[in-house]
Every structure is written in structure tokens, then in C-alpha cells.
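Please see the structure below; I have some questions.
Naming follows writing order (A, B, C and D), and every chain is counted from residue 1.
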């Protein structure tokens, strides 16, 4: 009999208590946002769609090899052993795990999952799966600067001028070694330190032309300016043509 | 208690017949011949000074033939191993019990009546590795469909190309851009 | 054919010329319009209330504060395919939503919104409302049975058991004020609550002799609580939403319904919510009187409109409390629902009824010091 | 599992004869009895059902509202993670471990990495260990929040779910801050952690924890002590200690039965021997020892303990220092030959990883002990005799994640 009345009192008391809690929350601010219009701030280093800094990439296949699901396909031709004529660099988001491993192994820090200009893009909403295999290339074939460089070499050859040896280039690149320390401590492949980090000076297997570096940097801008998304990144790279400049990852701290 | 101590205890209890110690670099294990498995397991569970009352894991492994790199002599025959990990709540220790099964006859006694927890583990081992547990109350596939062919965790497993009209080709079926 | 046309014409003339037919058609139209608008508003209110309780945003896109969201949803439902399961009992399946809706819809006929604003002034208004709302369960049973789905069947059976059980305490709880007022006419019950202290007094504002029935006596207050709880069960609201218990029965009796037919079940639920709240307001909370012990006597169209607004506001408040409860409480188990109905609500109501009868016999409302 | 292709898959035939005394099975509420025997109904709960927490299918034999037999059917989410573990390298396998128990991905990362570190004999820097502890305990809170929130959903209370999610969102923000992902972290790596704690992270955690404990009290008022909730969960799905042990239950489910057994205490890994914390156990406060309410209550208490551990770990966190063991190269990592088992305390129980390595960059055999898998196997033993609504409450109280059950 006692439990009978205790039950009645208990149920009324706890119901009122619960209603107090819900009423208290009635006045709390909403925690949700109207998603597509309003975005939550993304922290630095979040994992979303990839961006590729095509000018810097040395086509070393490390990202494709570390990928647990083999979602990265890359294909390029080496022209004159140092210029890359891109055919394909695609990430298949049907498979991608967003595990960040490809970013960490990159010796040149040229593939990223956080958009450096802050245009967060991470939603994989589609009704057509074939659209999820995304090509990250901004242009196929040689970049404009490379085209000019190759043309120049060809013209030189035709004229009988020998290409200067690579030795002075290695000397010029030396000061950059200190700055080329990868920012994230986790990824530190050995060969990364041997080459200048600066984006504009296109490092191709040790052969480097110091005289061409500034001009390349100047021309990198129009080449990369076509698609808007990567423009700031490319511009930042162009600015950091100075070998003493800090490595690329630190330019997107803001 | 370590595996060596447990082996000594078992020998003292008169259960040591045929037992051996597998001394790996990390976790040593008790190696039990499959004929004696139930007796040893029952003792491990019921003896108060052992009291392995929690069956943690049942693992089946397909060990392939291994040859010495230089002499080409066979250092390991192809066989199956079943490993039971037991935990004693009272004595705060974990023990691995190993049994080797010949490749041609992967059958071992079930311990599902000693630890009901073994029921699903043994079904899974049967499903994925293809080891039969004698005396299991309900030995059928648990994770894979009933009509699946083969046991995927065997090293010689061949991936099917198709299952009931579903294309299982490894290559992506969607086109590249 | 030639002879039929004049007949029809004269019949039409009679019908349109007749005040009765006109008012009938008008009231039906009004009730239909009101129920539809109410259901849309209530769905919006439910979504907004739940969002507020759950610190979410709720509907924001369609219209101001998302007010037109339910209209958009209704349109969407109207354009959806009307699926009928192949193995279902087709006829029953198709008419079940209509029947379920009829009960709640018909109850509106007897609800007075203000002294002069009622479709029909029934002497047995309260009885009619209680009886007609029970019709809905037949529709639900038909829906569950004809769907040929085991979950639907479970939902329907639970609904039948629950409704039959909870009709008893809710009707008994309504008997307590009926005992006090001595009338089943809803208008008269409200009239009792706003009766002036001295019969001869006149004026727009006066003290009422009895006040709201919920505050009339402790036993009427108990009856009010019991009625409110039982009415939650009658309109399948949490914590008694077993017939459509989502986590147990998928969607209960309307699992197989889609499109407009599905929306009819929705309409029924929200119409029911209004009906039970309206009955609670009329019987226990002074109907259209805005204050418990002070009554207003306003005449004319403006007065009636004011009363209707007060009445609606009270109903919406009660509906909102229903929602508040729903978004606070877990769901009872099916046997606990029965236990609650038979072991708790019915004895409590019977006790209240008995004591109220004794008090009425002695001519007192409450005994100071005892209750 | 049975047919997954044909739409009208027949229910598996009973392999045991139906118990003729099932109508009077223990666990039936005392105030109901059966006077008419009617035909049993077979119903198919899942794989598409709101409260099976994923794609679990339970074939139920019911007599009215009372379950007489239950046959859980799993495997709808099977990916053969163990086979994948044999095919990809150690480093590449870490993101796969996120996908077993996707609500406690940090813990899975940790269990796997500890196993590899044990076999490969790696030393993990101290700072990394502290960061691991903080991340794992935060993840445990998030996982328990999900468990208690969805448990509220299972018994029909919607709002607690959102309050739990509000808190969980905050944790996900913290974890996203440190590793860039919200659910599948891949944060704890072999030999250390992926990134060092960013500036302000630790301070934010402390701020969150202060607020969080107040919100837990609110949660208790709303759900834990609610009379209806207690009625729904107390005395329901009672698992005695012996039964729990025999069925290999671990984690909150075992502790809910009253056994004080926590691997963080019994076999400390990471730095758990440096922290002070209690191991809450069920006491049968609202009903019988080992009922659904006890399991739920253990989770509620464990969240507070996790918060305590987090605070201590933050207080002890060394300034600066390495976060990665030496000689761990992404592409060139190779383990020593050997085999080892590591069991850690996941939010759902003992997550074990048994690794056989023959040297080389990938394992010879990976075996996962998924706590949910073992916990779920008790289902057919405790469901008979309960009501349909109880079945939902029991499945919810065991707190399974199907990604882990099926692996």
C-alpha cells in the first residue's frame, strides 16, 4: 500500500523535475545551425577534400603508396627529366578514408586536406557516385612556365648551346635546407630535407637552374591563377621563392 | 601468473600430460594437444587456484608452410592453430592456450559448454577459418551468408568474382573522370 | 429525366433557401477549415516546441518562423504515391484513415468556442464528444489489421486495448464535474463556472460563485489531473504512444501508409489533441472565461470573438503542455500502461467521484483542515 | 546470417524445440499471466528497425507481447577487417581500426597501436602517452553519451538524446581540433600520436569538463531518476555476475552486474596506474543487481570518472617533448616477428587485439576481440520471457555498435 502511494508521488515528482529540466533548456541558445548557409568554423588541419600543389609535386608516388585504399591515381610524363607533363592526379572519394596519411608522407608538402584559403569543402553529397572520383589537376600537360623552359632548351639545343651543369644549383639550394624542415613533426621523410622547400623553384631530381628560378616564380602566378580555389596557395608559393622563406605549411596559419 | 607458472601448477595438479610452453618473444602460451584440450580447459576453469572464468577470445590461424630461405628445408608444416585467450578475474592474469591441428583435419573439441562466450567465437572461427568444433550446439556461419563458399581467413582463399549476381571484382566499377 | 430536373431544382432551392441547410453547410465548412488549419498549426507547434526543448532550430525556411512548413509538408504528402501493399485488405486499408479521422472530426460539432459560437448546442454534448472520439479506434484497428504487417497489427492491438482501458478513467473523471454541475451540456457546464455570486447582479465583470471547476474542490482537481493523463493516452501521446511506439514497433499501425492517407492519421492525432484539450478547458478550466474566479459577460460579435480567442489560447496552452510532456518523458511499457490505467487512475477517480458525491450530498466543496 | 538477397527470406527454423514452459519463464512481470495459449508469432526485428542500433536483425518468437525466443542474426556489415589487416601494412591499417567501433575510434586506434608496439617493441614518449590518455578518455565520454542518449530513445525519451549530443558535439569539436576528423580519427599512431596538442586545447578541455559535469546532473534529473525510466529499466534484463562472466561480458555490462573489473585497473596500460579513479559498479539501487538500469547507471558514473582522469592527465601533462617514437617511418615501418595480445578497456568492454607477426610490414594474422560481439551473444539467453518493449530496452542497455560486431 505504501509503495502504491510512493509510486504516485514519485511519478508526479520526477515528471515535474524532468519538465523543469526541459523548460530550463527551452531558454538555452540553440546548438544547431542552418547548415548550408551557416558553417561551423573548421580548425586548422581538418580533413576534407584534397588540394594538390601541382607545381611543387615531384611525382614520387609516396602518397599513392601509403594510401590504405589505393584511391590516388597519378600519371605524368617527365620531360627532359625535370619537367612534369601531368595527365592525371585523381582521388577517388568513393574509397578515400580521409586518414591524412597521404599528407603526412608527402616530402614536398604539396598535398593538403585543409583548404588554405578557408573555402571549406568537405561535404560528399551527390547522387552520382562517378562524380566522386575527382581530378585535382588544375591543368593537364606542362605548365606554361615549363613549356617555355622546355621550348628554350629545345631552341638552345638547336642552336648548339649546352645546358649549364647542375652543380651551382645544388650550392644555391644549400641555405634552404634549414628552412625545409617539415612543419608537422610526424611526417619527416629523409629526402625531404635535401631539397629546397620553396614552391616556385621546381625541384626535379637535383637538377636545378638558379638563373631561371626568379623568372619562374614571376610566371607561376598567371599559370595558377586560372582556377580560383588554389590561387592564394599558389601566390603564397610564388612569394616564397626566396630560399630563406619559411616552408609552405606555415603560410596558412591565419 | 605467467604461462610458465600455470604450466607448473597444471603439472602439480596432474594435468600436465602432453603440455608444453610456446615461448614467443612477447606472450608465452600453453600448448595443449587437442585430445587433452577439454580436460585441461575444464581444469583451468574449475580449479580454484586457476579460476579462468572469462573466455576472452578464440582465434583460428592458418599457418602456411614455411621454408628456410637458404636450405629450402621445411621449418614449419602447413597447419592450423587455435588459440584461446582466457582471463582470470580473481588472479588478474591472461593466458593463451594453443592447439595445433593438422591441415587435413581441422577439428577440435568445442568449449561452448564451459564458457557460453565461446559459442559465437567458435561460430566465427568456423565461418572465417573453417575449423570445425566438435560438440558445438549450433555450428553455422555467423558473419557470412549461409551459402558463401570458402573460408576467407585461410591463406589460400580465392576471392570469388561474383556472389548471387553481385559483381565482386576488385577494380572500381565506376568510371574515372 | 425531364421530370427529375425540376424536382432537383426545387430541392436545391429549398436547400439553399433554408437557413438550417445553409448553417449546416457553413458549419461543416468551417469545421473542416478549422481542423485543417489547426492540424497544420499544431504540427508546426509540435516541431517548434520539440526544437525549443531540444535546443535545436526547428523549421526555419518556409515562411516566417517556418510557419508554412506544415503546408509544404502537406503538399509534399499530397503528391506522394499512395502505396497499397499487395497483400493488404485493400478496401479496409483505403477507408481506415477516413474512419479514424471521422471520430475526431465529428467531435468538433459539439464544441462551443464561445457562448454563441458552436455548430450544434447539444444537451448531451459531453457525452457525445466522449462517445464519438472513440470511433477513431475502429479506423486504427482497420488500418493495423489490413496492412498485413505484424508491427502494424501490434500497434492496432495496443491502441484498441489502450483506448478501451483509458475511456473508463477519462469518462469517470468527467463525471466528477458533471456531478457538481448536474448537466452534460458543455455550455451549461461553462455557465456553472461563470455563474455570478448573487444571481441578480449584472454587469460586464463580476465575481463568480463557483470559479473554474479544476479549482472548485480538491476532488475536481484530482479529476482534472486524471482526465488530462487519460486523455494523453486516448490521443496516443507520449508517454502513452505505444500504438506508434517508434523504437519498438517501427511506426505502429501506420507503418504501411504513405502520402495523403498517412497525413490523415496525422490530422486525426492533432485534431484529437485539440478535442481533448478543449473538453478539459470547457469542463475544468472555465471554457472561454479568461480568469478563474472573475467572470466576464460580453455580448455581441466582438465579445464572442474575444471569448473564442481566449478559448483557443487555453486549448493551445494545454496542447503545448501535452507536447512538453511528450518531449520530456520516456514511454511506458505496454503492461505498465494497463497497470497505470486500471490500478492507479480508475481507483483514484472512483475515490474522487465518491468523495465528491459525498461532499455534494453535504453541500460543501471541501472540508477545511481535511480537504 | 541467412539470405540477404531474396526479399522474403524465411526466418531460420528453430534449432531447439520451443520451450513448452516458455510462457512462465522467469523475468516475466509478476502481475501478468497467460491463461490462453495462442499461436506464436515470428517477427523480424531489423535489420531495418529504429532501435537495433544499426543493421542487427533479431528474429523474435513472440507470444502476444512476450518474447519466447530470440535469435540474433549479424553480419550485415561484415567487411572482413581481419583479412584486410593481413593485406595492408601496419601504418595503413590504423584508419581501418577506426571503423570497427566508430563511436570510440580513439580506443580502437589505441588497442591496435598498443598491440603493434608490443610486438615491435617500441617505446612511446611520455607526452604522447598523456595525449593518448586525454584523447581516449574524451572519446569514452563521447561514446557513453551516445550510449545513454540513444538508450533514452530506445525507451521513448527523445530529448535526452539531444542533450547528450550537445555535449558530444563539444567533445567532437575538441577532437577535431587536434586531429582534423570528427569520427574516424586515425589519431593514435604506432609509436605515438599524429599531432601535438595545439595551443589552447587543454584549457578548452578543462572548460568543457566543468560545464559537462553540471549538465550530467541535469541529465540525471531528466532521465536517470525519472519514474517511468526506472520502471522501464529496473528489474529488466537481469544478468547475474556468473552469467555475465560465462558469456564473456566486459566493460559496463560486466560492472553493471556488480563485478569491479576494469582493465585500466587490473592490467594497466598507458599511464593509468598514475591516475586516481574509481571503478563504478552496479548496486541494484533501483531494482535487481545487474538490470538495465544498473548498466545505464555505470555508464553515467564512468563519464564522471573519465572526466576525473582527464583532469589529472592534463595536470600531469609534460611540457614539450617528442610525440612520436623514433624509427617509425611511414612507408618503411616493419615489425619484429612475434605474437602478442593486448586488451584495453573500450567504452563497451574489453577491446583486444591479437597480432601474429612474421616480420615484414604487415601482420600475419590480426584478430580483433570486439566487445560488442561478445556482449551481444548473451542476447538469446536473456531475451526470452521479456516483453517486446523490454527487448528493445535490453538491446539498448547492452550498447552495441554493429560496425564492431560485424567488423
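Note that a contact is a pair of C-beta atoms (placed from the backbone, for glycine too) under 8 Å apart; a residue touches a chain by one contact, two chains touch by 3 or more.
Computed from a predicted model, the values in this text were never measured in an experiment.
For chain pairs A-D and A-C, the one joined by more C-beta pairs in contact is A-D.
Farthest chain from chain C, judged by C-alpha centroids: B. Separating the centre of chain A from that of chain D, both taken as means of CA atoms, is a distance of 35 Å.
Look at where the CA atoms of chain B average out and do the same for chain C: the two points lie 64 Å apart.
If each chain is reduced to the centroid of its CA atoms, chain A and chain C end up 61 Å from each other. If each chain is reduced to the centroid of its CA atoms, chain A and chain B end up 45 Å from each other. In chain D, the residues touching two or more other chains are 159, 163, 166, 222-223, 226, 228.
Across the assembly, chain A contributes 7, 15, 18, 21-22, 25, 31 as residues in contact with two or more other chains. Counting partners per residue, chain B has no residue that reaches two or more other chains. Note for the complex: chain C touches chain D at residues 50, 53-56, 150-151, 154, 238-239, 241-242, 245-250, 327-336, 339. Of all residues in chain D, only 1-5, 15, 74-75, 78, 80, 82-83, 86, 118-119, 121, 245-248, 250, 259, 261, 266-267, 336-341, 343, 350, 352, 354, 356, 364-365, 367, 369, 373-374, 376-378, 381, 406-407 touch chain B in the complex they form. Within the complex, the chain C residues that touch chain A are 51-57, 60-61, 324-325, 327-329, 343-344, 348. Listing the residues of chain A that touch chain C in their complex gives 4, 7-8, 15, 18-19, 21-23, 25-26, 28-34.
Considering their complex, residues 24-27, 53-57, 59, 61, 83, 85, 87, 89, 92, 94, 96, 115-121, 124, 128, 137-138, 141-147, 152-153, 157, 164-166 of chain B touch chain D.
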